[in-house]
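Just below sit the structures, each encoded as C-alpha cells.
Paired with subunit B in one complex and with subunit C in the other, subunit A is shared by the two complexes that follow.
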Partner chain A sequence: MSAATSRTYGILAEFETPADVMHAAEQVRDAGYKKWDVHTPFPVHGMDQAMGLKNSVVGYFTFVGGATGLTLGMSMIWFMNKFDYAIVVGGKPLFSPLYAFPVSYELTILLGAFATLFGMFALNRLPRLHHPLLKHPRFRGATHDKFYIVIECVDSNYSGVETKALLEKAGGKHIEMVEE
Partner chain B sequence: MDATADRMAVKVAAPPAELEREPLVLKHRSLAWVSDTVAGIAEGKTPTWWWAAFVPSFLGMLMCFLMIGYLFSTGIGVWGLNNPVGWAWDITNFVFWIGIGHAGTLISAVLFLLRQKWRTSINRSAEAMTLFAVVCAMIFPAIHVGRVWLAWWLFPLPNSNGIWPQFRSPLLWDVFAVSTYGTVSLLFWYVGLIPDLATMRDRAKSAVRKFCYGFFALGWTGSNRHWRNYEKAYLLLAGLSTPLVLSVHSIVSFDFAVSQVPGWHTTIFPPYFVAGAIFSGFGMVLTLLIPLRTLCKLEDVITVRHVELMGKVILATGSIVGYAYGMEFFIAWYGGNPYELYAFKNRAFGPYWWAYWTMISCNVISPQLFWFKKIRTNIVAVFILSIFVNIGMWFERFVIIVTSLHRDYLPSNWGYFKPTIVDILTFVGSFGLFLTLFLLFIRFLPLIAISEVKGVTPLADPHHPLGGSKGGHH
Partner chain C sequence: MASQGSIQNKVAPLTIPGWVKQLPLLMMGGGGLLALVGAFVDTKQFGYSYLVAFMVFLSLSLGSLFLLMMHHLFDANWSVPIRRFVEHLACLFPVLAILFLPIAILAKTIYPWMTLDPALDHSLHVKKVLFNQVSFYVVAAALFGIWTFYARGFRKASLEQDKTGAASCTQTMRRYAASGVFVFALSLTLAVIFWMKSLEHQWFSTMYGVYYFASSVWLALATTYVIALVLKRTGPLEHVVGNRQFHDIGVLFLTFTVFYAYITFSQYFLIWNAAIPEETFWYVKRERGSWWGIGMLILFGHFVVPFLLLLRIDFKLNAAVMIPLCVWAWMMHFCDMSFNIMPVLHPEGFKLNWIDVACMAFFAGVLSKVFLKDLNSHPVYPQRDPRIAETMGVYVEPAGSHSK
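Moving on, here comes the complex of A and B:
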C-alpha cells in the first residue's frame, strides 16, 4: 500500500455484510468525518441514520415541477381556447377549470416526474462517468455483493495512519488507497 | 456461501410455523447468485429459444408495418369501417393495448406504495411490458385518423390556420393522458434500471458493452448519499404514477362515456375500465412470465407464490369487472331509457351475441377458478387461464365499441361490422411488434430488478442474522 499523495482520492475498506458496514459507518460518523460515503449494492435500511444523513430534499423539486405543470396546463388552455382563438362549443363557457382539468392534471404529473428525475440527478451530481472509484479493481463488488466505506483525503479529519486504524478497528478488510 | 451457512447457524427466535411466509427468493440464495443469474440471462450466447421466438415476432412486426404502409397509401377504406361503425378494431386494439400496460404500473407503483415486497421479482419485466404495450397502443389512434400527415394537429402547436386544439374533447385529453403515461412509465423504468445497469457495466467483458451499460448507468457507484435521494425519487415517482395510471384509463373511458351513444354514456365506465385494465394486464404479465421463468431458470425468483398472488389479483379485478357488467344491465333497466335498454339487450342477444358471451366466459366465469388454491398454484392452469383473460378483454372492448355503434337510434342506420384481412393482420402484427421489443429487452437488459431483489432477501437486512447481525441492538 502506498501512502497518501496529492493524487490520492481516498481510502477504501471492504465489508462482507450490511450489518458490518452499518456498525462501521456509525463509528466513522462518530469520529467526525464529513467527506465519506458508504457504497452498497442495494439501499441498506437504517444507513442514513448510521451515516447521520438528513431526509432527502427531492420532494421540493417534485412540488415545483408539479405546480409548474398545473399552472402551465390551465394557462395554456385559457390562452388557446378563450383568449387567442375563442372556440365556441355547444354554448358552453369559453374557459372553465373543469374541462381544463384532465389535461392540466396530466401535465402536473409529467412535469412533476421530470423534475423528480432531474432533481435527483442534480442532488447526486450525476451523470459522472469518470469517478476514481470506478477505476479501482476491488470496487466492482459494490454493485455485486460487497459493501464499502470510502473516506476522502480532502476530509479535514483525514490522517493516513489514524483513518486506516479506524477502518481496521471497525472490521474493514482489504483497506486500500484509491488513486485519483 | 460458507460464510452464509455459518451465519445461518446462529439461533434466532423464529416465528411460529403458521406465521412464517414462504421466502421471496427460494433456497437461501446468496446476493452474488442474484446478480449472476439475472445478469447472466443478458450475457453469454443467445439461446435457441430466443431465436425461435424472435424470428416470427420480427416477421410479424414487419407485417404490421406493411399493413400500415398499405393503409397510408390507400386510405381507411382498406379496413372494414363504414357507417354506422366508424370505430372498430382500431380503437378496440388501442384500448386493449393501453389496458395491458396498466398492470406494469400497478405492480411497479401501487404495490410499491403498499409495501408489497413480492413485486420486486416481476416489476422490471412488467414495466417493460407496459412500455411496449403503450408503443403498440399509440399506433392505432395515430393511424386511424385517416390523414396521418395531419396528426400533429392533435398537439398544441402553432399552425398556419392560426387555430388551436379544442380542449373540451375527451379525445384530446386522451392524447395528453397516453403520451404522459408513456413518458412517465419510461422515466420510472429507467430510474429503476440505473443501479442494475451499473451491475451490468461492472460485469461487462467487452469494451462496447462496458461503454453502453456504463453510459446509461450514468456513473452509478451505489453511494449511500445517492441511494438516499434515489429512494426518495423512486417513492415520489411511484406516488405520481399511481394517480396517473388511474387517470389514464379513466380518460380512455371518457372517450366513450362523455358521448351520447347508448351503451357508452354511463358513469360506471372509469372505475370499470381501470379494473378491467389491471385485470387484462395481469393476464398478460402471467402469459409472458410463466414461460420465461422456465426458459430462463428463474423458478427461485419468480416463485409459485408470485404466480399465486397474481392469480388473486386477477380474481379480484375479474370479479369487479363481472359486477360492472351486471350493474350496467341493471342501470339500463332501472334508468328507464329505452335506447339504453335496447343497446344492452342487443349486446347479449343481438347479432354480436357470440362476442358478448365469449367476453362473459373469459372475464367473469373462468377467473372464478382462481378461488381454488390448487388452481392458483398450478402453473399450467394459470397460464391457460391467463390467455383466456387476454382473449376476454379484447372482446370486452370489441363488444363495447362495435355493438353500441352498429345499431343506434334509427333502424335505417343499422349495419353489421366485419373486419377485413388488413384489420386482422395489423392487429396480429402488433403482437409481433410487442414481442420483438420484449425479446430485445430480455436479451440486453436485466429482466429482474437485481438490486431490489437483493434488498428483499434476509441477507440485506442488517438486523437479521443472515445480514450479519450479531443479535445486539445498536
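Moving on, here comes the complex of A and C:
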C-alpha cells in the first residue's frame, strides 16, 4: 500500500487535537502542497491561515449576479412601462429609476443570491454523489473527535514516500492510503 | 499561533510632526475667533453654520455611543482593542452640552417655529406638545444628561476594570448597553426632531431619526478607522490592533453605507410616491438651485462610490484607499447636514460660507483637544478585559482544562 496507484485517492493522517492538526497543516502548507484538505469535527479558528487559504472568489459571482439583476430589473420595467405599453399611473413619469428601484433591487438580491449559490457549487464541484473518504473506516472520527489531513495523489508535489514522511514528522497517526 | 501573521501588520511606523500637534489649539483659537466675529457680523448665518457643525460632531459621539452598546450587546471580542478611544469619543457629550449653549441662546433666530403663534399656524398648533419653548429646553437638558450618564458609565466601568480586572465591570457595561440601546433610539430621535427637523416644523417623516442614526454611525466608523490606524502606526496600539479590526470596521462601514442609502431612499421614495404637498415641499425646496447638485453628490458620494470601493476586502485593509475615503465621509456628512439645515436659510442653493468653515474648525479643535487629553491620561486600550488575549490571537487555556 505504499506506492500510489491510479486507484488511490490520497493519503490520510489522523491527529488527536486541534493544535496538532493546525501545526501539521502549517507544515503541509509550507511544503507547497495544493490539493489537500483538513477535516475537523468543528471549525478551528486560524485554520485558514494555517492552510494558507486565500479569500474565496465567490464574491465576484455575487457581484456579477447582482449587477445583472439590477440592469435586468431596470430595463424590464423601462421596456414594459415606457416602451412596449406606455401607461400613466398615478400621474408619475412613464419611467423613473425611483419607482423601478424596489423591484430592481429585489432582482439584484435574487440574482446575486443565485450567483452566489451556484458559483459556490461550481467552485466546490458540488453536488457530488460520492466521495472516496466517506467509505474509509477511520474517517468516521472526523464527525466525532478526530482530526485529519488528506493529501491527494494528484497533487504535483505528491510522492508516496516523502508525503508519508512529512505527515509522520508532523505528528500524524494511523497514516493510511485512501482508495478511490 | 497562526493568526500572528495577520496581527503583525506591515506598516511603517509614523511620527506625528510637531505642527500637527498644534492643530487642535490653532483650530480652536482661530475657528473660535472667526466664528465669534461671524456671530456679530451675521447672526443668522452664524446660527445655521453653527448648527450644521454641531449636528456633524454630535453624530460622532452618538455613533460612538452606539458602537459601545453594540460591542457589549454582542459580547464582541474584535472591538476590544478599539473600545477605549471609542469610549473617549462618546464621553465628549458634556463638552457638546456646553457647545450647545449658543444654539440654545440663538434658538429664536434659528428655529422659525419659536417665533410663530400656534393659534395662527395649524401645523404648529397640532405639534404644540413638542414644539414649545419649555419642551425644547427641558428635552435638550435631559438628552445631554442621558447621554453623559451612559457614556460616563461605560468609561467608568471600563477604567475600573483596568485596575481590578473584575468580571463584574463587564457585566455592569452590559447592563448599561442593554438598557441604553432603547434609551439611545428614543433620545437620538428626539434630538434630531428638535434640532434639525423642526427647522421646517410643517414636515412629516417617520424615518428622520433613523436617517440621522445611520449617518452618525457611518461617520463614527470612518473616524474609528482613522484613529485606530494612527494609533497603530504611532505605536500605542501597534500590537493589539491588526487586520481583523480594520477588516471588521470596514465591514461595518460598508453596512452603514448601505443602511444609510436604504433609509435615505425609503424616505424619499415614500414621499415621492405619495406626493402629498405637506411632505413633498421639503424635497421640492432641495431640488432647487445648486441643492439639486448637492443631492446628487450625496447620492453618489455618500453611497455609490463608498459602496463600490468597500466591496473589496483588500481595499478595506488598504490605508491608501481607506484614509481618503474616511476624510471623504466627513465631507459627505457635512454636505448631508447642510442639505438638511441650510435650504431654510439659503433656498437659492448651497453656498460655502466662511462662518461654516470657522464653526467646523472650532468644533474640530475643541473636541480633538478634549479627546486627546482623555486619550493621553488613560491606558490606550482595555488592559484587563476578559477578551483581550483572545482578540490578540493568544490562546489562554482555561484553568483546570489541561489536555494530555
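As a convention for this text, the second predicted complex is superposed on the first by the 172 of 180 C-alpha atoms of A that agree within 3 Å, B and C clash if a C-alpha of one lies under 4 Å from a C-alpha of the other, contacts with A are read in each partner's own complex, and residues count from 1 in each chain.
Here, a contact is a pair of C-beta atoms (placed from the backbone, for glycine too) under 8 Å apart; a residue touches a chain by one contact, two chains touch by 3 or more.
Since we're looking at a predicted model, the values are computed, not measured.
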{"item": "First, second, both or neither for A:F83, with subunit B first and subunit C second", "value": "neither"}
{"item": "Touched partner set for A:Q49, first subunit B, second subunit C, both or neither", "value": "second"}
{"item": "Touched partner set for A:G91, first subunit B, second subunit C, both or neither", "value": "second"}
{"item": "First, second, both or neither for A:A100, with subunit B first and subunit C second", "value": "first"}
{"item": "First (subunit B), second (subunit C), both or neither touched by A:A113", "value": "first"}
{"item": "Touched partner set for A:M22, first subunit B, second subunit C, both or neither", "value": "both"}
{"item": "When both partners are placed on the shared chain, which of subunit B and subunit C touches more of subunit A", "value": "B"}
{"item": "Subunit B versus subunit C as contact partner of A:Y60, first or second or both or neither", "value": "neither"}
{"item": "Subunit C-contacting residues of subunit A that also contact subunit B", "value": "17, 22, 26, 45-47, 55, 59, 92, 99, 102"}
{"item": "Subunit C residues touching subunit A - in the complex, by the definition given at the top", "value": "1-3, 5-6, 265, 268-269, 272-273, 275, 311, 313, 393, 403"}
{"item": "Partner subunit A, residues of subunit B touching it in the complex", "value": "3, 7, 30-32, 35, 156, 162-168, 170, 172-173, 176-177, 180, 183-184, 187-188, 191, 195, 198-199, 201-203, 214-215, 218-233, 236-237, 240-241, 243-244, 247, 251, 254, 451-452, 454-455, 459-463, 467-470, 474"}
{"item": "Residue ranges of subunit A in contact with subunit C within the complex", "value": "17, 22, 26, 45-47, 49-50, 55, 59, 63, 90-92, 98-99, 101-102"}
{"item": "Interface residues, subunit A side, partner subunit B - complex", "value": "16-20, 22-23, 25-26, 37-48, 51, 53, 55-56, 58-59, 62, 66, 76-77, 80-81, 84-85, 87, 89, 92, 99-100, 102-103, 105-107, 109-110, 112-114, 116-117, 119-121, 123-124, 126-131, 133-134, 139-140, 142-145"}
